[in-house]
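Multiple structures follow.
You will see two complexes here that share chain A, one where it goes with chain B and one where it goes with chain C.
Take a look at the complex of A and B:
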């Protein structure tokens, strides 16, 4: 029988990152994926001949340098571009931008409210401090309050002494970011409704909360968590791989293959073989069995537990925990192939922030309304859009002079309140999105050469991702940190599972969508640490 | 109340139950205390108003379920005449089709009742057990002063113990930590199927706030509510909701203290950076070395003290605090007992909740946020006259209705919509008690803005500010204010804005008084 040191199920970015780290450490790794193209939720797709863009996600891969530290991606040929983080558009005279230059950023916000220029400086300083405070916990399994053992005790002690060392005001600020709403925190700094709507909109792409939802404020921190993009006092820039997800996949696959490993596409795992709750290998859809001593799943938590095992072989509470894990479809996706770069009303053609995308989400009240309608499973009539043009970052993704537009439609119900999606409802949604785009980019309809719309359940059918939930599990505090994917103390908490040598590495684990692919790097670290302990013992 | 200046040991602003409890504790310690109440009668959110002088109506709150057993004992309230007319009242969730649910809070009975109706019997028991476990873990944290210690090291130790101690009941802590950040909607979807139970739980978890059931942290609010539950359960005081205030006033006056009604504080008198008295809006000044305020923190520090005495940062945070609350109150005087279809007289005397499903509570929350009147308002109904006939003329009754998820600012303005609102609420009641309108003699309605003007309860938010799990770490209402003392020397907070929050518990008042006494015994004024 074919045999490997480790099998990674799913060639998403977490899976590939885990595989690359394991391969670098000397393991013979096999990555299996049922789909034709690697990249998981960040995967790319040919939209029309010559046009390629992120298939399901807004931007595809975004780079966090620390996640790939030690892998030598640059040596492996990856080129990365830092781009300004996008434009928030409410009207031709009402738009603002996130700019990487501090001077430009202050001037840009001051254009809308004089005091907001200085407010940016304070906001950025505070957010960076908060990001520093939370960063260490993103690089490892979250400290589990119920966990025993010396290491856990040390972590807990460190956490407690850190809490004690905070001045009381500072502590409040640190906790507020986890308890307050986006709107409350922004109100503390900014006065311009436009600036607030812009920053909130950036934080809410793909979210299941609205700007006034309690415990939503941490989303504002996310851009500040990615390191290495912050040379000036401006907005954190986005680090995007030139060539998109495919370029990153190629590098990671190259590292795996360079170390004797293999990436096998269109190979669907149907079962993980167990003996006495210890993994033995996997069974493929074509009947082939492959043995491995370690198995890592990059499928979402629900699909992993409920789909890859015979339930009777699992501890009952693990099955129950997977059943409870909340995954919610909240976005639809439009992909457009365009004959040229559209003109955005009121925005100069060369505005550098456009490379980071465009947000058409309205003011805070409209965002709240869109979110509320989603809760009532109402198909949006005035869709809330996050737009990205990957061909600005890499012109090679479209024929010369032409462009690809990636549109994430926020707050789209998985199942409408009046019954399942039909072609008619889908067409209505598409029409509403195009109408909104046309209003912002006059003449857009004439330059659309090809278009496609993906609803949450269609993303699920195509990729296997439960509910088409791009976050692979709702990112709310009860499913974050030590609660991700299951509350601590319950089996499966963290990356290891109650099944010996079976690990989870998808975005369903900590830190989830906080940092791209970090879960994969953390899982590899957990596996290697456990192997080292066993060798030592 | 004559003379421009009178000397007291302490002045308490606000004759709400927390202010009165604080005054009583100080009086018990031998202090001469003056309580200033802006309204005509004391009692704050828990007072009794008189409609046409014949009906003793509960003003805002109409039930007690959390008056701290320690406060009752310390102040010997029973000996001073405070008693419940009824306690351990059942909760009745009304069903549009008449299949009402009656819950006593006793696990076995409730399970049997629900199972007999095919309504989630075992599931409810599981849900209730998780709720009780979490509440049991939380309760000790609420029933003692907040975890604010003098030194940061001590604070760290306390936090570490609270959050991580191995011995503090593993399952309970687990249940609490995983539930604390959840929304009540998610929790209900995980555990319950019966629409009535979902509606009831969502109603209880959001009552008194503007939170929608799908907002994160609403599960915590339910746990919090249960953690503060007193032994007596849901109860109605003999003599009406004002009885507690009356007992406390008698107690305070018996301790040489004074309670002035219609005495609205216009500002706190400052001597340099120290509070030294209160100026009333009629110009009278009263002085004391210690001032306690039961008013909301924002009102106290920004209006009564003034931002210039505060650090800019604190003043900013206070001024940004959202107006919370989405509660309205309707009191009806009835000349007979309306017939609630399918309820026994005993059940009519319980806590009646109209919230047929989780969806309806969510829908109401959404309309409230959009400034619309709910089509079918969700509400809690209490008929105190079922237990205490003296509250109304013989044979007459009082129906007290707390309508939940009512917008603070309504489309078209409250003046234009008030009548429509009352009609909608009464129409909803009539769906279950069709003859209710036949008995209505008189009534009063208090919209969320009315509750603010009349009782100083901002937007009907009796917690005086949001509640979240981190408040337990001693950060309520703001970290600088969490220990009842304020940055203004001599000034203390004693209202629901402080740990452990709103509801008729008496605990903020008690802890504030204890803080004052302790500061004095340490030799400083504060």
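Take a look at the complex of A and C:
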């Protein structure tokens, strides 16, 4: 029988990142994926001949340097571009931008409210302080549960040693970020409704919460968690791979193959073979069996447990935990191939923040309304959009002068209240999105050469992602840190499972959407640490 | 309006930019608070000589200016600053420092009393949202008036002679510590006189160029020299004055708590008046007043004229501090620095700096002795 040191099921970014780290440590790794193109939910797609863009996600891969540290991606050929993080648009005279230069960012916000320029410094300071405090807990397996009370909670979030050193008022803010709403936190700093809507909109792409939902505030922290976020005094820039997810995938696959491993596409795993609660190998759809000492799943938690095993072989509470794990789809996706760069009403073409995308999500009240309607499973009539043009960052993704537009439609129900999605309902949604885009970018309709729409369940069919939930499990405190996906209570936190030699590495594990692909790196670290312990014993 | 969108020009030009550019032999520009200003306009030696022995003119427009006015302006400001400003008379100004509730410096600057209920605050960093948040409940309004005026600094031993030649006698006769609005050539100009023959002029934006030209013209005989920020920085370091943003960070912007400072860590005396029943940071400062600060900001001198750089301050083998501002003083052939040093290490001498010395392509390390310099009286 074919045998490998480790098998990674799923060539999503977490799976590939885990595989590359394992390969660098000397393991022979086999990566299996049922699709023809690697990258999972961050994968790219040919939208029309010559036009390539992120298929299901807004931007595809975003690079956090520390996640890939030690892999040698630069030597493997990866090149990245740092871009300003986008524009929030409420009207031709009502838009603002995230800018990397501190003086420019302050002046930009001061354009809308004089004191918001200087408020930016305080906001940035507090976000970076919080990021410093949580960062240690993002690096490796999350601390273990077992203690109660606030102090223990603080300790688990990784800032115990600092609790005494920080002034009281700051400590309060540290807990607030995990409990409060986006709106509450933004109100403490900014006065301009536009600035608040802009920062909230950026934080809410793909979210299942609204700006006034409790426990939403941590989303504001995300851009500040990436390594190097403090490099500018303005907004943290986005680091995007030149060539998109495909370029990153190629480098990671090269590292796996360079170490004697293999990436095998169109290879669907149907079963993980268990004996005495220890995994032995996998069974492919074509009937082939492959053995390995370690098996890692990049599928979401629900699909891994409920889809890859015979339930009767599993501990009952594991099946129950997977059943209870909350996953909710909240986004549809439109991909457009455009004959030229659209003109955005009121926004000059040379605004550098455009490279980071455009948010058409309205003010805080509209965002809350859109979220409330999603809760009631209403298909949005005035859709809330996150827009990104990958061909601005890398013109090679479209023919010369032409462009690709990636549109994430936020707060779209998985199943409408009046019954399942039909072609008619889908067409209605597409029409509403195009109408909104046309209003912001006059003349857009004439330059659309190809378009496609993907609903949550369609994304699930294509990627295997339960409910098309881009976060791979709701990011609320009960499903974060040591609780993500569930407190297994084993060393290695939520990466190791009660099944020996079986690990989880997807976004369903810590730190989830806090840092894309960090879970993959952490899983590899947990596996290597456990192998070391065993060798030592 | 889209012409001046912030992303178009990360750095703006002051109203005096073209005037200053005309004086530049070096085309050397530096950034200050989002503005481009001259680094050096001439050789360092020429500028430094003029500053210490003749007279100099400099563009100081990038400082932030706030207008604070209202029935309760004095009460509100007294709540914000550490010193007692109720004694500040109309037409006078003085140094102020303001802290957050933890006793950490949020800003420093000069406060001028323009009228019974009107003040101007000059600072290095933006503090508008902080001013507004802290004036809630007071009958007072704070606004940023930086864009309304331009700043010109006339300094040096012959500054008075230049003013006499310019026909600005009322300004020449101004006492140090006074701030008054004068009619100069039919233009309303706010004038501040510091100790040590330093005059600041704050004309309205459109009046800046005529005033600059008039002063340059009047100073010809006295050898008036336009200078840039690098020489002004040298003078500041020579006087031992730390600058927020360079030698320590403001409490509103520092990410690490290690880089903010309390008034007790500053050189010289920062006025903290516990006679005032309430002001920001009072309780925290009260606790600090009875302890001795663990570190101090000090002025250092390194007697060496070679091409060298340094940052780390040592005592024996141990690092005890960091230099945050460094400048070479051509007139004495020494490097002058502002440094933060552990208080215990300041006492008995024996400090060194770890230097990197360059000669053509060769670079090597040497530890050179560093002296703590006694400071002249503040401001």
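Simple rule for what comes next: the second predicted complex is superposed on the first by the 508 of 537 C-alpha atoms of A that agree within 3 Å, B and C clash if a C-alpha of one lies under 4 Å from a C-alpha of the other, contacts with A are read in each partner's own complex, and residues count from 1 in each chain.
In this section, a contact is a pair of C-beta atoms (placed from the backbone, for glycine too) under 8 Å apart; a residue touches a chain by one contact, two chains touch by 3 or more.
These figures come from a predicted structure and were not determined experimentally.
J.: Go through the superposed model and pick first if A:445 touches only chain B, second if only chain C, both, or neither.
T.: After superposition on chain A, A:445 lies in contact with neither partner.
J.: Counting only touches as set out at the top, which of chain B and chain C does A:478 meet: first, second, both, neither?
T.: In the superposed model, A:478 contacts chain B only, not chain C.
J.: Would you check which partner chain A:532 touches, where first means chain B only, second means chain C only, and both and neither mean what they say?
T.: Neither: A:532 stays clear of chain B and chain C.
J.: Between chain B and chain C, whom does A:3 touch in the aligned arrangement: first, second, both, or neither?
T.: Neither partner.
J.: Touching A:368 in the superposition: chain B (first), chain C (second), both, neither?
T.: first
J.: Looking at A:184 after the superposition, I want to know if it touches chain B, chain C, both of them or none. Which is it: first, second, both, neither?
T.: It touches chain B, and chain C stays clear.
J.: First (chain B), second (chain C), both or neither: which does A:275 touch?
T.: After superposition on chain A, A:275 lies in contact with neither partner.
J.: Once the two structures are fitted together, what part of chain A is touched by chain B and by chain C alike?
T.: The answer is residues 165-167, 169 of chain A.
J.: Chain B touches which residues of chain A in the complex?
T.: Spelled out, the residues of chain A in touch with chain B are 145-146, 156-157, 159-161, 163-169, 171-172, 175, 178-179, 184, 187-188, 209, 213-216, 324, 326, 368-369, 372, 375-376, 476-478, 482-483, 487-490.
J.: Tell me, which parts of chain B touch chain A in their complex?
T.: By the definition above, chain B touches chain A via 152-153, 155-157, 159-160, 163-164, 170, 173-174, 177-183, 186, 190, 211-212, 214-217, 219, 313, 316-317, 320, 322, 362-363, 366, 369-370, 466, 468-470, 473, 475, 478-480, 482.
J.: Would you tell me which residues of chain C are touching chain A in their complex?
T.: 2, 5-8, 10-11, 33-34, 101-102, 126-130, 132, 143-144, 252-257
J.: For a test of understanding, state which residues of chain A touch chain C in their complex under the given definition.
T.: Within the complex, chain A touches chain C at residues 84, 97, 99, 101, 103-108, 111, 114-119, 121-122, 124-125, 128-129, 132, 165-167, 169, 189, 230, 233, 348, 350-353.
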